[in-house]
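Before any comments, here is the structure.
Each chain gets a letter, A, B and C, in the order it is written, and its residues are counted from 1.
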């Protein structure tokens, strides 16, 4: 197997190195990748969407169909892990040995976590809400929100984290986030425009088309954040406890 | 000599991506431990993300967030901002990578429960029996 | 809602179906089942509407649907032309039939978490339909990953050794997808666009035509897709993954996944690259067709060696992938017509056989060749359906399997590639041996068991439930109908799907 692998990577390496000669050098402003679509987005997107963060504008508006399915990928992974891990009868040996019971040993960790978690969540909301103007957006904010719950589960245990955020709601919200995203697009469809054409919201909300684009993006980013939050947490609790949802790591 | 030097330095983003990619691919094919295969997979994906993100760079350009304020509106100089598209694409690839990793780890836990090991040759022995 | 919105409804219906199932499917298993069937029925009726639209204006060019009202190349567009309208109809139709069929099998095989199973079922279909409809090369990657992730979960639903087989598939599938993504990166860096049509327009520039990195991109994308479609010699993961899984999953995944990958290959060859590029600049034709011939021979020989029915069928899939890849690379109109037609007919034949074997396993609890014993007496309808599927696989008129072989053979003869012709004939022969052996086993009852008991004419008919029989009957009927309407399909649709410069 090792020999086959070496042959494969040798062939691939030679191919890729030969191809690299042909590519534009690093940071070349005239490379084809940086002039065609890129310049259009840089020059026009603020006029067309009123969002200064161009990455957000491209992500959530020009290519928002991609982003919808990106959210679906996350959702799909969450359901997949659920389906795989949570079916076995409990007679198999545990993958992760139970942690030693040392009462009081985690006190520093737990106090620190109690202080950190609200800060993290507040910051995450800022990242979601300010994604139009600064680095950030639904995925980033959602991951930070998820991390705050994971921190809780790490410093206490999974049962405690699940007490705060019931598993029923985890599943409900993870589908709900994608549904929110799709619903924003479907309303456009219903109003006679194409799917995800946020301009259709202008009449409904009584705002200009430009503002409708901005609002539409905010809406879908919130949907993304909800799904990412839930699935990150769900992936952690499932993987850390082998699907048993008990104490975990 | 100088040409060669420029050639190597001018494209070292590609060299880095290619080396990482080969390391990852080797791990995925050659390693016996399934967890190491998964690590190889992550390196492989990271290499491709590196490759894409480096496409987006322009010499002397800043992040693609426009300087804006109410009322002040000037023409946008495209050369002053990095290419936003690779960043958007890689956000997707990162998400896909995380999802695949999660699923792979879940399957790995199941393999351990069924076969009692995650070494490939030992698993094949238990299947043959 | 206007007519043009059908294009997006095709993909949205299963996606929304999946979300609804995961929200309320836990209430009762009937809710999950009915939602799935309803969502796929909506999707299927939209594909029919789109197909008729496309057929009506076949000469004028494809339908475009701009997502978010953004003009391509700045936004993403769906492009429906005769080629993918056909594939969309096949995918939506087969998945609808499998969904109906799955009522009893899923209940038996994964009774707990049934709604999660159905959620992933719907997501897989949404992914496959999205792959087929999209006109954006990166969007295709995202949807491939959705289909792949959902299929990992569904394949792992077989328990036991299925997990290891699925793990191998994850590793291979990720390598394939990453190769594709890397190839797209090279294309993007050289062209600066992600829209397939625009990329193709750029591809005629002389600077790109002979560029080393474009050539590497083509190689990477092709190898990535070949891994995904289990093309010889990259097919190692497929038989295990498809055999060890549950009945429903193999009925859904086996007919659809490889066919959609073949479609993507044809799309990339003629919709992103150009016909002269794929056939002349690369200069691979002969090598790839030889590889395809080897795939056919290897798959057929592999199938002969199996005693497990499902495993035998998976090796036949490996051979069938060889048919389609070979046809697409022959470099003439007949071969490509055969490849495209075979995507449709092989989807139907594989679905028919897997469903029939699934029904037999469902009633007998066995999966070996011996499960077939006496099946003509005990399950006459299922056996008849199995015969139709088997005859189509062998290539006997008037089933659709005959016509796809006909086009492929005439393509092989026209190209003067006799190795491919011999491989096709060899595979037909092997299929004949395989299936007639099964028919023979099925025709004779369980002699020893009955003679011992002293009963001769007391045969209990134990047919599969109606929810399984009806979709199987429809599939078997479709095999005949598609076969009988071959000339209409070819002259009305496939002829327009061929790239300019290749006409019948």
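Everything that follows uses one rule, which is that contacts are C-beta pairs under 8 Å (C-beta built on N, C-alpha and C of every residue); 3 or more make two chains touch, one makes a residue touch a chain.
All values reported here derive from a predicted model rather than from experimental measurement.
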Next on the checklist: Please identify the chain with the largest separation between its CA centroid and the CA centroid of subunit B.
Outcome noted: C
Item to check | B-C or A-C - the one linked by more C-beta pairs in contact | outcome: A-C
Checklist outcome for this item: Chain centres from averaged Cα atoms put subunit A and subunit B apart, in whole Å, by 16
Item to check | Centroid distance [mean C-alpha coordinates] between subunit C and subunit A, Å | outcome: 31
Item to check | Approximate Å spacing (C-alpha centroids) for the pair subunit B, subunit C | outcome: 30
Checklist outcome for this item: Residue ranges of subunit A touching at least 2 other chains are 16, 20-21, 23, 31, 33-34, 37-38, 41, 63, 66, 70, 73, 76-77, 80, 84
Checklist entry - Which residues belonging to subunit B are in contact with no fewer than two other chains? => result 21, 25, 55, 85-86, 92, 96, 99-100, 103, 107, 110
Item to check | Residues of subunit C engaged with two or more neighbouring chains | outcome: 138, 142, 145, 149, 152-153, 156, 188-189, 194
Checklist entry - Across the complex, what residues on subunit C touch subunit A? => result 1-2, 5, 8, 12, 15-16, 19, 22-23, 65-70, 73-76, 110, 112-113, 116-117, 119-120, 123, 126, 130, 136, 138-139, 142-143, 145-146, 149-150, 152-153, 156-157, 186, 188-194, 211-213, 215-217, 219
Checklist outcome for this item: As the complex stands, subunit B meets subunit A at residues 7, 10-15, 18, 21-22, 25-26, 29-30, 32, 54-61, 63-68, 76, 78-79, 81, 83-88, 91-92, 95-96, 98-100, 102-103, 105-107, 109-110, 112-113
Checklist entry - How about subunit C: which of its residues touch subunit B in the complex? => result 138, 141-142, 145, 149, 152-153, 156, 160-161, 163-164, 166-167, 170-171, 174-175, 177-178, 181-182, 185, 188-189, 194
Checklist entry - Can you list the subunit B residues touching subunit C in their complex? => result 21, 25, 28, 34, 37, 41, 44-45, 48, 51-52, 55, 85-86, 89, 92-93, 96, 99-100, 103-104, 107-108, 110-111, 114-115, 123, 127
Checklist entry - In their complex, what parts of subunit A are in touch with subunit B? => result 1-2, 4-6, 8-9, 12-13, 16-17, 20-21, 23, 25-29, 31, 33-34, 37-39, 41-43, 46, 52-55, 57-59, 63, 66-67, 70, 73-74, 76-78, 80-81, 84-85, 88, 92-93, 95, 133-135, 139, 235, 238-239, 242-243
